[in-house]
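These notes open a run of structures that come right after.
Each of the two complexes below includes subunit A, the first together with subunit B, the second together with subunit C.
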Partner chain A sequence: MTQPDSEHIRDDRYRAIRVKSTLEDAKLPEMEILADVRRHRFCEEAEFAIKLALEEAMTNAVKHGNCNDASKQITVYFFVDDERAEIIVCDEGCGFEPGGVPDPTENDRLTLPNGRGIMLMRAYMDEVEYRCNGREVCLVKLNKR
Partner chain B sequence: MPSAEHIIVTKNNGINVIEFNDRKILDELAIRELGEQLQDVAESQDGVRILLNFQNVEHLSSAALGMLITLDQRVKERKGALKLSNINPQIYEVFKITRLNKLFEIHESAARALGAF
Partner chain C sequence: MQATDTLSVDVAQGDQSVVITPVGTASMDLYEGLAAALVKACELKPPVLVIDLEKLDFICSLGLGCLVVAHVRVRRYGGKMTLANPTAPIRDMLAATKLATLMPIYDSTEDALAAG
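Moving on to the complex of A and B:
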């Protein structure tokens, strides 16, 4: 198994969920993470944002990171407190250059069916940081109650 | 395994008015099935007219946007028309961020959209 490279993942505040890299199993972490988000009384808009960003990150990990290889895994590390929700999605792929992803709102790309996931994550989360050559994405949403 | 019915289609003066059974159009597998059901309507006749009423929908992912773009292209190939209505403010924001509010014709209500065909 590929070990996560980020040092702070060893922080014991984080919980980890490891799932098989399929679109079906990629849905599994959501319930647990959103239960924590609700327990810490994030507003409805924040919950919407987290759900959307997590869906995009997990889909990207299955399709683009792990290239639909069901023998690979996705590991999700997360912690939620009253101030913030932090979710780190790690795949076992070769990584990519996030800066190299073209802007889907350009006129000549507007009618393409793909390529909007990263943009939506950036729009809805307070921080989106790619690490480890793009194999990890860290999503942060602040609780602005 | 037969796929779940993701849409309800009713006819209004020859226009296919489509409502969604799913409140969340997020995950790829469901979107694939939903896309196939919408394509069936799009290919049912030349000049097909479709109104997608989003009143039940609370969540939408980029995969769903991609599916809508493909549907729009299919409808245009058949010289038809596709309009969207009743999109809640959170979801409308998704359309705005991605600039897809420029690509799709979006109306506040189904009545207004029907009047615009």
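Moving on to the complex of A and C:
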């Protein structure tokens, strides 16, 4: 466990997991977060959405944020209660402008192999907010039991 | 979804077709198994390549990207790639990403093979 770096997530509700920036290690927080999601009785569709959005955020952190540099780390802050699941994924990269990412559903981009991660996060979560010049993404899923 | 994700890929080769059946979870740490099977299948250049998604319970965008790459390769050599039996969550993903407009989806492998 680590202490949150950012002012806005110095909150006792959050737990933190820091992992090495590889696709294998980036998978590690998922089991703990999804266990909390199940414990708070989110529906199966919400669990699928959270798993998908978390994978997309972690993949982006590894590949784009940290540029596949395994010496860098990713920190995940999260809390889950009966009302909501909130997950913040932080990389150590230079950031980016989320508004500059093209729409992967445009006809001329459909045959590209990548570029769907942000779109999927936005489609499946209730809130997706980029912070710190794109180095952090906050994902929120409400529990609509 | 399982507590610990796994992915295996079954491949069935016919005279004019190859059917690939991924079983489990094509997550970010496992999707390469699907990617490798698709590359091998494309090298065989079957006229019809069917991806049976009935036993796939999850796919991330990297896995979707593999399907797109295979679709482009198959089309390039004049073949046809189709999807069959997606579970409801994966069918929804294919719709949300509009990949359902790129790759035909059938309700059964038999229908997909017949359409090819």
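Keep in mind that, in the parts below, the second predicted complex is superposed on the first by the 139 of 145 C-alpha atoms of A that agree within 3 Å, B and C clash if a C-alpha of one lies under 4 Å from a C-alpha of the other, contacts with A are read in each partner's own complex, and residues count from 1 in each chain.
Going forward, a residue touches a chain if its C-beta (ideal position, glycine included) is under 8 Å from a C-beta of that chain, and two chains touch if they have at least 3 such contacts.
A quick note: this is a predicted structure, and the numbers were derived from the prediction, not measured.
Partners subunit B and subunit C, once the complexes are superposed on subunit A, run into each other and clash.
In the superposition on chain A, no contact is made by A:Ala16 with either subunit B or subunit C.
By the touch criterion stated above, A:Leu52 is placed in contact with subunit B and with subunit C alike. When the shared chain is aligned, subunit B and subunit C each come close enough to touch A:Gly117.
In the superposition on chain A, contact of A:Pro104 is made with both subunit B and subunit C.
Touch criterion not met for A:Cys94: it reaches neither subunit B nor subunit C.
Judged by the touch definition given at the top, the superposed model places A:Met31 against subunit C, while subunit B stays out of reach. Overlap of the subunit B and subunit C interfaces on subunit A comprises residues 23-24, 27, 45, 48, 51-52, 55-56, 59, 104-105, 110-114, 116-117, 119-120, 123.
Note for the complex: subunit A touches subunit B at residues 23-24, 27, 45, 48, 51-52, 55-56, 59, 63, 104-105, 110-117, 119-120, 123. Of all residues in subunit C, only 1, 3-5, 27-29, 58, 60-62, 64-66, 68-69, 71-72, 89, 93, 96-99, 101-102 touch subunit A in the complex they form.
If you check the complex, the residues on subunit B that touch subunit A are 26-29, 58-63, 65-67, 69-70, 73, 90, 94, 97-100, 102-103. Within the complex formed with subunit C, the subunit A residues making contact are 23-24, 26-27, 31, 34, 45, 47-48, 51-52, 55-56, 58-59, 104-105, 110-114, 116-117, 119-120, 123-124.
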